[in-house]
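In the part that follows, the structures are each spelled out as structure tokens.
Below are two complexes that have chain A in common, paired first with chain B and then with chain C.
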Partner chain A sequence: MTSTSASPSPSASASSDVPLLEVTDLSTTFTTPRGLIRANDSVSFTLHRGQTIGVVGETGSGKTVLGRSILGVLPRRYTTYTGSVRFQGTELTTRSRAELAKLWGPELAMVMQNPMTALAPARRIGQQLADGLRHHLGMSRGEAKAEAVRLLHDVRIPDPEQRSKVFPHQLSGGLRQRVTIALALAANPSLLIADEITTALDVTVAAQILDLLGRIRDEREMGLILVSHDLGVIATRTDAVKVMYAGRIVESASTRALFASPRHPYTEALLGSIPRHSHTPHAPLNAIPGAPPNLGRIPVGCAFAPRCPHAQERCRAEQPDLADDGAGHAVACHFPRNVPGGPAGAGTGEAIRVSSEVREGPGTAVVSATTGSSTATEGGT
Partner chain B sequence: MTSVTPDHMSFPRRLGDGIRAIARIPVIGPLLARLPHLIVVLLLVSFCTFMLVHISSGSPAAAILGPSATPEAVAQINRELGLDRPLLDQYLHWMGNAVQGDFGNALVAPYGTVTSRIQIALPVTLQLAAMALLIAFLVAVPTAVYAGYRPGGKVDRILNATSIGSLAVPAFVLALVLALLLTLQVHLFPRTGWVAFTTDPLRSIRSAFLPALTLAMPMIAYFSRVLRAEIVQTLQEDFVLFARLRGLPIRVILFRYVLRPSCVSLVTISGVTLGSLLGGTVIVESIFALPGMGHLLLNAVVNSDYPLVQGGVLLTAVAYVVINALVDLSYSLIDPRMRNA
Partner chain C sequence: MNEHGSEELNHAAGADRTGETLVDVRNLSVTYQVPAGRLQAVSDISFTIEKGETLGLVGESGCGKSTAGRALVCLPQPERANIIFEGVDIANLSKAKLRRMRTRMQIIFQDPTSALNGGRKISDIVAEPFVIWKTYPNRAERKKRVDELLNAVGLDPEVFGDRHAHELSGGQCQRVAIARALALEPSFIVCDEAVSALDVSVQAQILNLLEELKEKYRLTLLFISHDLSVIRHMSDRICVMYLGVICEIGPRDAVYDTPRHPYTSALIASLPEPDPTQEPQRPPIEGDLPSAVNPPSGCRFHTRCPRATDVCHNVVPPLTPFADAEGHFVACHHPLEPGEKLVRADDTARAGTASALAQATG
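Entry: the complex of A and B
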């Protein structure tokens, strides 16, 4: 295992030597009429089978682009990739679209944010499932139909036989997201990218969906990339976290370490901005002042410097590199916070309090305010 | 309370419930809902055509008797036809017969009842319209799908160029060019003439092919442009990306996922087009010498054969209204989300 020192997933130890996914210095640049936009900049990480990596950041931080860059699904004409994406040892960035498309479904899969728009409106759910089964697994019409019902049963859709005959609009948001998961998993992919899959759902349904995903990940030894801006989801459902800001990973650590001692001021601020039960009603939330930079005009130096309460001269002149502390906790900051022996994290009472709660065990009450359901019923994803 | 309510009060409510129960049956319900609309439209159309025909056309008596008719003979004919009575009287009389299926007799050779004349002409027009529509769909749908899939690509550019061309060329020029190319040069199709479908289906289709193709050409251009635009839009949808990421072949995505929800405009305009085709296509029928509705109505107008004109126009109006009702209904077939609305 890599940096995840205390992975809560039981199957993680079963992974082989070759990582499922190895992203090295991946940069994704869009050519636009207004110039180049670097949506991802030198992103690196490794994902093993059975492991879940959380990618967190504000809107516009490059989370969604990262997922789509890995799959190679961005419009080729305007997109340039540099660096490397190795999936089970083979390079993806140099592959043609047609070659990549062969991996979509049986190897790489994605569940999208909005289950309301991800399903074809004029095709019955069972048929949509059967389309993939017939194409990827060469099933006959009858076999595919039966398998579709079984898949719906797998994602815990009640009365799957009946439900396979309905159109997407006849289902609730939660059921629809279950259907998209069933669709994404129909051809047994080894990597699933879940892009903000619970954002459009209400909290109790979101918890059920995440439980389901965790269970399936364990059953199939799948690698899972959980993209979210919801720190509650990230804290309870992932083994390791990558915090993204302005297209770069600014902090990378095991989930436990990250929530125990956030080192980047941005991470610290993100944690501090979670509303809590103890929060005085109607008092302003601890929002991070300012907005993420325009990716076409990223400031010199650290991209977070204009919003950072601890920024100094050096931050505005020199971009910090992502530096590992030797224990798997990496941060891109000249003046990291909460480092043992370093400057104490002033004003991080919230984060420290969170950390003490995390130590009680995986998936406890840390984030009850954001997920609504704090218990990780399926053993903690 | 209920025991006090007299029986005759509850009866209409029960009747209303019955009607509402019938109205809930798919297809029949929506059609029933359009019935008042249909009746109003038909009354208006029939009244207007009746008035128009009587005001604008020359004297039917003169048409029947020829230029050398004496005033006495004209008066005699007018009396026989009831043309000396007030217009409203005449209209009500005509409507009274029409609702019983009697549209009167044609005034000019080859005579016969209006119904029998239309019965001969309508199948020609129906077959022509059906074939034109079929040809248009067969060409336009695949073209539009591929043009929309690759906007700016080869198929798209060819479509763009040819569709502007074929929309700009008048039907009679197109008809003559097609006739020249395909009949006189290749002898693949008969130049003119009509074989009824019931006589010999194969020869009938051959005889209808050229005129149907002439009618279809501008339709192809129009249909494919409209459909292409909607395909381009649908392809931006999330569900298309999701379908691609599931590894479905693009052929499956285009024809099973994208085409159907993109068909709304196409269905609308093909309904309108079909309606106008059923009214007859005078130019094409003339060039290819076809005994269709256009031919029938043109002659009726020229000859001041007002019962025939009225019957034909009424039929066309009914066709329009019915087709439009069907088009409205088909939206729920295209997009199941509209079913529960």
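Entry: the complex of A and C
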């Protein structure tokens, strides 16, 4: 590695023939007392070594379930998987839990949002790291202890020798998250899933953690899946992005293409709803009316149609498939935006008008838009 | 430092702006007793809020911004401070008189679902202030007023009035909390991380709503958030806090575009713009917030500040005015020049460290 920066590495995608991870038509369904909930619906994507894929979506979009489905850590009694997850060419969905458990650590690892619950509260952090090393790599007690200190050094924890002897509660949030990253990296995995790892952290600390993760990815040539709801994080730290809505990938593109010309109205609206540097203070934001749907009551047709300013009859009847344009930009929309030669996009002004209309007539405006679907996405959230 | 600072602050704020002062906070300190000792969450801060403006209060967790916001509406009443609100010192008021004043100021909290009683009907929640204050004793009039309020926050009373709070989404609950806060026609509302728990798409709705209502009801807002881009969007003036003290306060554009305090600059630099064509910057500061139980001596930021010198270790920097904008105050011994970027302390030694690390990881 020549660069120590956390910048995405666009060249990394073509580094090997067999992709690190190949997810095809993966659906994950939970059996609940209230019926079936399809948390992931026909999700497909490919990840190569050294590449970072961002998964962005709001609460309930299925982004966390996606990470857990890939690892196979969801409770089997209530979970049904269909489709395929191939890791370095071998199928994971058909493996038993015991077989999968052998891969957790040396091949597949995950870092969670809350570092306090991810660590055992009553064990010293050095011991927790050593446990994993002895189990997975068969190290002796002494070797594991030394390796644990080295790992803490790797994640830039100051004074690692001393810090390996403390309990998790004695560390700050940022240091704790570094420890969970060290734990995930202990057995040198090829794939790391980072699920909202900076959400619980302060901005100055979050920047440090993301920077660290990017450098470690480069050093170890890992594949990285960065799950986040923060578009700023996704824009600056990933090579490609999957936008999820109601359990499905609605748009998939290289990070640059996605942010330059978002094609799904949801992506476009999401980008318009955050106050950017270029946005005039106090000027109305392009809010999306309504709220994300409940996964147990996903509307017929396109799930975004009840909130979409461009929805037409077809959107409320027929679910659009994720279609690739041949250049790697895929979108699941009957009437995509910003497509060269297609209907004019960049509906910034338009979106403002639509959202203010909805605000004036709450309830009525959107309720009428939802006719024909059984969802309860009332107006004016 | 503080008495002097506060006088100048008031003077500067009053001189430039035509509007009158609505809230005048003088020497506010709040201390909590915690197992590890006495935690001073807010240390002797002074500032003013003008009628009709939005003051944005920004900082990381544990900087005292929520404590300060709550102290302003006397939740609880601070022990030693003067908080002059509409000409009355509410920090030194009897309980009964304070209770009367409470109708003039309201607070909206971060988690809307826990701020509402999930088992109650929305119309009852919004009508509660009228029941307590025995305004609108006529049932029909009260209902009319509740419907007005629900309409004002974008909820159709026909659809939502009879629903229970637990049936509503987070954004809808926040709208109800706002309607309830507006019920007694307050002049001042504290929004304590009011949109932080909401999804991005819903957050924009609530921000737009707050702007709209502020205009309509001539409100003054104290908008507290950890999110600097939201703060910039909502505020007329910005106040940056770190470990219980004010680092920088001033007009929005002065603070955001030409930050003078290294911490403000670091906060802005750490915020990723959703633009993939920009290279992610190396975080300009390292480390975490120190403990507020035992805050660093001198300038509280000196442990993380790349510009810190001996004087920063020993002397508390006073909040001093800067000439670039009226009412721009900075507490720093080594302030940045306008447009100057904060440079990491280890930037020169970086190449060496990188190769050493590469060797270590093998």
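Throughout what follows, the second predicted complex is superposed on the first by the 322 of 381 C-alpha atoms of A that agree within 3 Å, B and C clash if a C-alpha of one lies under 4 Å from a C-alpha of the other, contacts with A are read in each partner's own complex, and residues count from 1 in each chain.
One rule holds in what follows: contacts are C-beta pairs under 8 Å (C-beta built on N, C-alpha and C of every residue); 3 or more make two chains touch, one makes a residue touch a chain.
All figures in this text were calculated on a predicted structure; none of them were measured in a lab.
In the superposed pair of complexes, A:180 makes contact with chain B only, with no contact to chain C.
Judged by the touch definition given at the top, the superposed model places A:309 against neither chain B nor chain C.
Once the two complexes are laid over each other on the shared chain, residue contacts for A:71 go to chain B alone; chain C is not touched. Judged by the touch definition given at the top, the superposed model places A:203 against chain C, while chain B stays out of reach. Set side by side, chain B and chain C differ in how many residues of chain A they touch, and the one touching more is C.
Looking at the shared chain after the overlay, A:123 reaches chain B, while chain C stays out of its contact range. Residues of chain B that touch chain A in their complex: 237-239, 241-249, 252, 256-257, 260-261, 334-337, 340.
The part of chain A that touches chain C in the complex is made up of residues 1, 4-8, 58-59, 150, 153-154, 172-175, 202-208, 210-211, 214, 219-220, 229-237, 255-256, 259, 269-271, 273-277, 279, 281-282, 284-289, 291-292, 307, 355, 359, 362-364, 367, 378-381.
The part of chain C that touches chain A in the complex is made up of residues 60-61, 151, 154-156, 158-160, 169-172, 175, 199-205, 207-209, 211-212, 226, 228-230, 232-235, 252, 266-267, 269-283, 285-289, 350, 354, 357-358, 360-361.
Chain A contributes residues 71, 73, 101-106, 108-110, 112, 114, 117-123, 131-132, 135-136, 167, 169-170, 180, 183-184, 186-187 to its touches with chain B in the complex.
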